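The two complexes that follow have chain A in common; it is paired with chain B in the first and with chain C in the second.
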Partner chain A sequence: MSRRPYVREVRRAWWLGQPRYVVYMIRELTSLFIGLYSAWLVIGLVRLAQGRTAWEGFLAATSSPPAVLFQFVCLAFAAYHSITWFAVTPKAMPLTLQGKPVSGNVIVAGHYAAWALVSLVVLIAAGV
Partner chain B sequence: MSETVTLEVLRYHPETDSKPHFQSYTVPYHEDWVVLDALNHIKDHLDGTLTYRWSCHMAVCGSCGMMINGEPKLSCHAFLRDYRNGVVRIEPLDHFPIERDLVIVMDSFMEKLSSVKPYMIVEREKPLSEGEYLQTPALLNVYKQYTQCINCLLCYAACPQCALNQDFIGPAALALAHRYNLDSRDGGKDQRADVVASDEGIWECTFVGACSEVCPKHVDPAAAIQQTKISASVDWFKNLLPRGGSA
Partner chain C sequence: MARSNKPILWLPFAAGGLVAALITPVLILITGMLVPLGVLHLPYERMAAFAHNPIGKLILLGIVALPAWHAAHRLRMTAHDLGLGSGFAVKAACYGAALVMIVAGAAALLAV
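Moving on to the complex of A and B:
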C-alpha cells in the first residue's frame, strides 16, 4: 500500500459557496468604505489647517450630490458592520455578574445604549 | 416498489485514481436512518470497497464527520429524512487531504492539537497528603462548555481561514487551549501563549463564525477565540508596563 493523499484546490470564488461566507465577505468589505470615509475626514482636517477658503471649499464639496451619496453608502456599510458586530458581542465579551452569566440580550442592548449615548454627545457637541 | 434514496459519494483510490470522482448508489429509505446507516448499507450490501471512518453511531466519538450536501456534519447525526427530496452528495471533510474515499488525513490537526498543550499544567504539584485540587461548580461552569469538544473536525471543514492558511492552529485546538486556560486548577497559560497568541493562532481568525455554527456539541470555538484575543491583548499591554504592572 502506498500513500498518495489528494489535496483539493481552494476555488478563488470559495466565498460564493455558502450564504454565511457571503455575509462574512460583506462584513469584511465594509472596512473599505469605513477606510475611505476616514480618508475623507483626514482630507477635511488638512483643508481646515490650510485656512478658511480651503475649509469652505471642502464643506461645499462635502455637500455636493456625489459626496452626499458617498456618505450615505459609507453610513450604510458602517451601520451593517456595527449591527452585525453588536450581534456577536455576547460571544466575544461574555459577562458574569455575581457569579451568574449576564444574558446576551443585555450585552447587546448595552452596546446600542452606548452607541446612542455617544451619538447624542457628538450631536450636542456639534450644536445640532 | 419501496422508496429509495440516491447517494453520490466522492471516491478516491490512491493506487488507481489520479483524482476523486463521484459514484452513485441507491439505498432503501428508512424514516429512522441517518446518513451513516446508508453508508453502512452500501458497505455491507453494494460495495465493500467504500472506505470511511465511524465508531459510536451516537455523536460521541467524532469519527464520522463528512460533507453532506456541502455542509460539514457528523453522518451519524444527519437523518436521511432531512434530505428526502433530491440526491445526497457526500464528500470527505473540506480543507483536509483525502487519504482514500471519505477518509481524510488529519496528521496536521494532531500536531496543532498537541502544540497548544491541551492538558492540565498545575503551577505547583501538591503531595497526595494535601488532597485534591478542589473546584466549585461555579468555577467548573466557567470552562465546561469547551470540554464538550469531540475533535470531529467539522469546525476545520467550515472555517475558510483553515483552507487559506494551512498553518492556522484552528478552532478546536484553540478552544481546547481556552478550556485549560480558564480552568482554575491550571497554570499553563504562559506556556500555551507562544502558539495560541501567535500569528498562526488566534490572530489568524477573522471571526467568520462558521466553526460555531457547525459544531455538533455546541462548543462555540469562535467565542473561545475572540475571548482569547481580548485576554492576549490585555496580557500584551501588561507586559508593556514597568515591573509590577503584571499584578
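Moving on to the complex of A and C:
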C-alpha cells in the first residue's frame, strides 16, 4: 500500500440524532438478545446432556426471577425482531406468481401465518 | 469472476434471521414464562428422547446455531455502524462467540 487510506471519522452517537436512526439501532440491537438467549439455550442443551438432575436444575434456573426477567426482555426484543424481519420480506425476497408480482401484504401475511403455525407446533411438541 | 466469501456468511445469516423470527419468541415464551408458571414441565424423558432422535438433534442444532450465527453477523455489522471498526478483534469476538456456542451445542447433542 502506497499511502494510508482515508478513514472518515464516525461519531459513536450519530444514530441518536434522528428518530428513524434510533429505531434502526433498536432493530439491530435485537440481535444481541437473540444471541444471549441462544447462549441460554446452549446451556440448556449442555445440562440436558448431563442427565436428569442437571436438566431439572436448568428448569429451576430458567424459572428463577432473574432468568424470567432476562427472558422477558429477550421476548420483547425477539418479537420486535420478528415484526421487523417480516416487514422487510417483500423487499428482501420479492415473489412472482405466473409472471405477476405477489403483493407485499400477501408475503408479510404469509410470514405471520407461518409464525402462528410454527409457534403452535412448538407449543404442542412441548406438551401444551 | 471475483470470488467472495460473503455468501458463506450471508446464507446462514438470512436463515438464522428467519429461524429467530419464527421460532425464538415461542421458545422464550416456553422457557421464560410457561415453565416458570408451571403450565409446561418439559420432563427429562421427553426432552432426552427428542434430543436422542437424529432429526431432533438436527432441529435443536438449527434452533440454536442459526440464530447464534445471525446475531454474530449482525452484531459485527452494528459494531461497524457504531464506529468500532471491522478489524480482527470485532470479527473474533462476534464469530468466535457464535462458534463456541455452536460447538458446545453440537457436542452436547452428540453426547445425549
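Please note the rule applied: the second predicted complex is superposed on the first by the 118 of 128 C-alpha atoms of A that agree within 3 Å, B and C clash if a C-alpha of one lies under 4 Å from a C-alpha of the other, contacts with A are read in each partner's own complex, and residues count from 1 in each chain.
Just so it is clear, a contact is a pair of C-beta atoms (placed from the backbone, for glycine too) under 8 Å apart; a residue touches a chain by one contact, two chains touch by 3 or more.
Source: prediction; values computed, not measured.
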Next item on the list: Considering only the touch criterion stated at the top, classify A:Gln18 as touching first (chain B), second (chain C), both, or neither.
Entry: first
Next item on the list: For A:Val10, decide between first (touching chain B), second (touching chain C), both and neither.
Entry: both
Note to self: For the three-chain arrangement built by superposition, which of chain B and chain C touches the greater number of chain A residues?
What the structure shows: C
Check: Between chain B (first) and chain C (second), which does A:Ser2 come into contact with in this model arrangement: first, second, both, or neither?
Finding: first
Next item on the list: Applying the touch criterion given at the start, work out whether A:Glu28 contacts chain B, chain C, both or neither, answering first, second, both or neither.
Entry: both
Next item on the list: State whether A:Pro94 touches chain B only (first), chain C only (second), both chains, or neither.
Entry: first
Margin query: Identify the residues of chain A that lie in both the chain B contact region and the chain C contact region.
Written below: 10, 14-15, 28, 92
Notebook entry, point to check: Tell me, which parts of chain A touch chain B in their complex?
Noted result: 1-8, 10, 14-15, 17-18, 20-21, 24, 28, 88, 91-94, 99
Margin query: Help me check something: in the complex, which residues belonging to chain A touch chain C?
Written below: 10-12, 14-15, 25, 28-29, 31-32, 34-35, 37-42, 44-46, 48-49, 52, 55-56, 59, 62-63, 67-68, 70-72, 74-75, 78-79, 81-82, 85-86, 92, 111, 114-115, 118-119, 122-123, 125-128
Notebook entry, point to check: Which bits of chain B are touching chain A when the two form their complex?
Noted result: 12, 14-15, 19-20, 70, 94, 97-99, 105, 138, 160, 163-164, 206-210, 212-213, 220, 222-223, 226-227, 229-230
Check: Touching chain A in the complex: which residues of chain C?
Finding: 14, 17-18, 20-36, 39-44, 46-48, 50-51, 60, 63-64, 67-68, 70-72, 74-75, 77-78, 81-83, 97-98, 101, 104-105, 107-109, 111-112
